[in-house]
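Which chain is which? They are A, B, C and D, in the order written, and residues in each are numbered from 1.
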C-alpha cells in the first residue's frame, strides 16, 4: 500500500494506517503524505519507510512506483486527503494500474464521482470507499436480518448522526479538522451533510438494501460566520414505499459521534448505535433480543468480521480494519485469478460513492426548493 | 370530582381515578361512566359510590349535581371519553359552573377547540388538559434549565414518539383501544398524529417555551385497511430560528411508548426519555451530567413534583397525579380567593388544547400539500 | 384500614397510605398516627378523617375500634412506626381480632419475631410484611422463571443494595430518617443490614425459593460517631449448594437506592435492578432477552401485577400497592369464606419476618466471629 | 520483538501481535510460536517472517537472536504461552539480555514469581506483565481521580469479573481455550481465580493504589468433572481500613466478559465497566458526571492513552496496545539512556506479577481454611 495524504498531524491518516496493517494482510511500503515534500519526508521517516519510497507528490509516487518491479511496487493506493484532492490521485492511480482505497465522500462533486466510477469500470481495478461504519459486525448482522426477512417488509427508517464539536466557530481557531471541513474549496458544497450526512445515507441504504428516491431537506448554518451547513433535517422516501427521517448535526451540543439507526418492518424492528457498536437490538411485539458479537448464532457475514471472544469490545479501528481486510482479501483473490468470496467482497464501492455525492446534491437542491419533494438525482 | 366516561373496561378512566386520588387532595364523588346507564351503574358500584351519585348521562350528572348543596356537590368534572365526546360535556360543565379536567386532544377539531377555549375564558373556570407527560419532575427540570439559560440560545429540537402496538390491523379484532383510536368519527381526522403526535408537540413547546411556526409533514397509513395515519415524519420550524424534527409512529414495531426529546442550544444540550423518566441528561462539550429526582440541586419546580427519596422510581401514574394535584391545589387557592402559587398553577391549559388541534390540522394540511412549508394554523 | 404511626412528616406513612388506596380496594378509616396525640390529630385532620376516628395511641384505637359495629370498624391495621414499635401494636391488634400489615423488619429482634409469628398462627389472622420490592411485576416474572426451570439448577446469586445517603453523619443533623435508623433503641442491633440488608436477603430468597443456610459477614461502621453498621459484605451459602454474595451499604457515595440481583443457573442467568424495575434481563450463552411489563408472553403472576400498557413506567408506589392489593384481595376472600387465589395470596408473611430477623442476628454473630461460616439461625 | 508461543490457532497470540504493532512502535521480527517446530514454521510463514527468524523452540530463538548484530536482533521477547511456560522463557530471555513482555499470571506459582522478579531486578531489564485492562484510558482516569482526592479517603471497593463461557464442561470437547485453562498442569493451582480473578485483583489495586491485606474466600467447582475452581467469592480488606468484595466466575451463565469495578470514598464514588470501557461514572450525593475519552478535561494520564476524537469507540485491542506502546516508549528511553516519562512508564510490573500469584495462593489457602481471615501472602 502507498498512502496519499495522511501526514503526521492528520487524524484520518493514522487511522487508515492502523486499519490497513491491523490484520497483517497489508504493508505500508510508500507514501506521498503531503503536498509539502518536507512534511511528506518527515512523515515517512517517522513511519520507518525507506527514504526512496517517500515521495513529494502523488504524481511522483504513482509514476515511480509503476516503474518498480512487480512484487516490490505498491499494489494499491490509499487516498486520505481532503475531499477536493480525492479525484485527481484516484484517477491517476487507476489509469496507471493501481487499485484504490479512498476516503469519503468520493469526490468534490457528483460530476467527478460519475467520471471516477466510469474510470473504475473501464480500468477494471478494485475500488474501496471507506464508509467505515459499515465495517462493524453488528451492522453486517443488521443487514442480514433485513435480508433474511426477520423484519418483514420494511416500513420506516430513522437514521441520525448528531455531533456537537462545531457548536462554536472552531474554524476561526487553528483547529485543522474544523478548518478544512468547513471550507467549500476543500470540502465541497455541503458541510455537515457531506461530512457525516453521507455516512448516515450510506448506512441506511447499506442495511436496508433500498435506495432513497426522493427527499425533503432543511439545512441550516447555525454558527455565525460559517460557510457551510452545520445541521440538516431530511424527510426520506425510499423504494417500495418505505419512509424515513435522516438528521445530522455538528452543533448538537454535547453529542460526540452519535450515529445510529432504527429500522422498522412488518414483523419487527432493529436498533444500532455506533457509540455502543457491539449491541444490536431486535425488537418485536413479543419482546427484545440483544445480539452481540460472538454470542449465540450470528450470520456468517457478521462472524467473519469479529476477532475476539464475546465481551471484548471492538470499536472504530476494528471496523475500519474490516474494510481494509476485506479489500485485501478480495484483491488477493483477484490477483490470484480466483473468484472473490462474497463475504469479503463486501466494501463500499464507487457506486456507493456516486450515491453519496448524489445525496449531497439532492439535499442541497431540496434545501433551496419550495417544492416539498426533490427527486434523488441519479 | 365527578367523572365522565371511564367505565370499568376503559384503560384511561382507571388511570385518571388513581391519579386524582393519589395525593389525598381529590375525592371521586360521582360519575357518569358510560352512555350506557347499566354500565355506568356497574362502574359506580365497583367504585363504592352511592347509588344516587352514579348517573346515566353526563347531562344528568351535571344538572343534578348542580342542585346539590355546595360542599356536597362535585367541584369539577373529569372527562375521559373518546375525543368526539370531549366538547359537549366540557361545554355543559363549564356553563353550569363546574371546573373541568379533560383528556387530550381537547376536542375533535380545531373549531371546537377554539370555541371551548372561549367558553373557558368567559366562564372563568379552571381547565386542565391532561398532557400527562409534562407532569414528570425531570420534564419540569428540563424546562427550568432552558429558562435559566443553561442551554444558551436554542437551536434544534428532536422529539420522537414511537410506538409499535398498531403494527397490525388490531382494529379488526375486538381490541377496544385500537378500534376507537383508528376511527375518524371518534378520534378525529388524524390517527397517530392526534393520539401521540400532539403529546410530542406539547412536550416540545412546553420545555422550550417556543411555538412551532411552520412545518412539513409526511404522514402514512402503513397497515392496509386502516383509515387514519399510523405514522408521521415532520420537519419543524420554531420561533427564533429554532429548527426541529418530530416523528411519531404506531407501527414502529417493537417500540413500547418511547416518547423522548433532545434539545440543543449554544451552550449545551439535554435529553429526556419517557420510559426512563427519572433521568435527565445535560450535555456539553465538557461532558455529561445526569440529573435525577431528589439528587443534588434541582429547581423548585422539579422538587415540587417529587414524592420520594432518590432511587425510588416514580412513573406514569405519579406524573399523571402531578397534574391533578396541581389542578387541585390551584383550585383550592381559587376557591379560597388566594393567588395561586405559580409552581402548582402549572398544568396544560385550553390554550395548549388549541395548539394541539392546530398542530393536527397543520400536519394534515401539510401532508396534502406540495408546498414545502405550511404555516402553523393560528 | 387503621394506621399506626405515619404522622405527616414521616416518609413511609405517606407511602403506605398511597399504596393502600391505590387500587380502590382499601379505605383509610382511622389512625393513631403518633404517640403524641396532637400530632396524631393534626395528621388525621389533614387526611380528612372524622375526628372521632383519630386516636391518641394505638391501644386506644384498637380497643375503641373493636367496639364499633362490623362493617364500620377497621378490618386491619397498618403499622408504620419505627422498628421498636412494631411488636406491641401488632400483638395487640392480632389478639383483638384485627389483621395486620406491618413495615419491615418485623420486630426489633428475633425473639419478638418468633413470638409474633406464633401469635399470627394462633389467632389465624392475616399478616403482611411490607418487603415492597417483591411487589414489582418483573420480580414476579423472575421468580416464575426460576420456578419453571428456565435457569436450570441454580448455582450463584449476587444481590446488592448500595445506598449513599449516610456517607456523612447525617444523624447529627435534624434529619429524622437518619436519626431513628441509626439509633439502636429504635432500629435494633443492626443499621444498614437491618434497614436494607434484609430487603436484599428477602429478595434473594423470594426469587430463588431457596434459604440461606450459612454466611460469613464483615460489617463496618465507616462514619465516625455512628452507632450501627453502615456497610456490610456477606458471603452466602444457600440450600442445594448454591453460593452467593450479598452486600449492602449506606455509604456507597453517589448511589441512590440501587438494590439489584443477578442469579445464575445451569441453563441461564437473570438480572433485575430496582431503579429500572420494568426491565428483566434473561441471559444465556445464546444471547440476551429483555422482559418488560405488558410485552409478549409473561407469567400469570407477573401479569396480575401490571396496570398499564407497555412503556408506561410503573415504579415504587405501584409495587408497594401490589402488596396492599394482594393483601386486600386475599382478606376479602378470607372474609367471604373463599379459598384465596394463590396469585394474590402472594405477600411477605410472618415467616419472612422471622427470616429477616434471623438474618440480622446471623450477620451480627458472624461479624463478631473468627469462624468462617456461621450457621443461619433458625 | 520476538514472540514465544502464539501459533495460528491461539487466540491470545494474535491479540498480542496486533497490539504490539498497532502504534507503529514495534515490529515482529522473529518467533518461536510453538514447541512443535512445524507449527511454528507455519505460523511464521503466515506472518511473512523470513524463514531463518522462525525458530523451533524458545531456547533456540533466544540463543540465536543473541548472536545477531544489535539493531538486527530482537530487542525483547513477548511470551504468550500457557501459564506453566511463562517462567522458563522469561528467565532465559532476561539472563541473555532481552527485555520481556509476558502474559498473566506471571508464572505457575508464587515461588516462580518471586524468583522471576528477582531476576528482573538483577538483570535490570524491563518487564511488562499484560494485565491489559489497566490499559484503558478511563481506567487511567479513575486512578487519577483517586490519586487527586476526588473520592476522598476510600472506604469500599466492589470488583467483579463474571463470565459464563465455562457453564458446561467445555474442556471435554475440543475447545482448546477451555482445555488448557482448566488443566492444573498448564494453568496452575487455580482456575477462574487465576485466569480472571487476578485481573480483578490487579485492577482494584491499580486504581486504588492500595494493597489487599487479608481476605476470606469461598471457591467452587460447579461443573461436574472440572478440576479447578470455576467460581469464587471473596471478602477483601485493604490497607487503611478499606473493605471490599471481589467475585469472579466462569459459570455466570449468559455473562460475556463483564469485568467491572466500583469504588466509594468519603467524597464520592466511581464506576467503570470493561464492556463499555469508554464511560467512567463519577458519583456524589450532588449527582453523576460521566467522563468519556476526548470529552472535556481529563488527566494527562488518560489523554496519553486515547487515539481518536470523542465518540469513536476504542476497545480491547487499543487498551492492549497501550501496554505495548508504553513498554516500547519506555524501552526506547532506556536504550537511549534517557529518563523514562512516567506517563508512559506505566505498565504492570514483576511486582504486580508477584501480587497476582500471591493473590491466587492466598485465595486457595483461605478457601481451605476455617479461619475467617487469611493474611495476604507477602
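The definition used in the following text is that a contact is a pair of C-beta atoms (placed from the backbone, for glycine too) under 8 Å apart; a residue touches a chain by one contact, two chains touch by 3 or more.
These numbers come from a predicted model, not from an experiment.
> So which has more C-beta pairs touching, B-C or B-D?
More contacting C-beta pairs are found at B-C.
> Where in A-D, A-C or A-B does the C-D interface recur, with over half of the contact pairs identical by residue number?
Matching more than half of the contact pairs of C-D: A-B.
> Using mean CA coordinates as chain centres, what's the gap between chain A and chain B in Å?
43
> Determine the centre-to-centre distance between chain B and chain C, using the mean Cα coordinates as centres, and give it in whole Å.
Inter-chain centre distance comes to 35 Å.
> Which integer distance in Å separates the CA centroid of chain B from that of chain D?
Comparing mean C-alpha positions, chain D is 55 Å from chain B.
> Note the residues in chain A that touch 2 or more other chains, in rising order.
165, 255, 284-285, 288, 292, 295
> So in the complex, which bits of chain D are touching chain B?
284-292, 295-297
> Within the complex, which stretch of chain A touches chain B?
151, 155-156, 158, 160, 162, 164-165, 167, 216, 218, 220, 222, 231, 233, 235, 237, 243-245, 247, 249, 251-255, 262, 264-269, 282-285, 288, 369-373
> Across the complex, what residues on chain A touch chain D?
The contact residues of chain A facing chain D are 11, 14-15, 17-18, 21-24, 27, 47-48, 163, 165, 177, 255-258, 274-278, 292, 294-295, 307-318.
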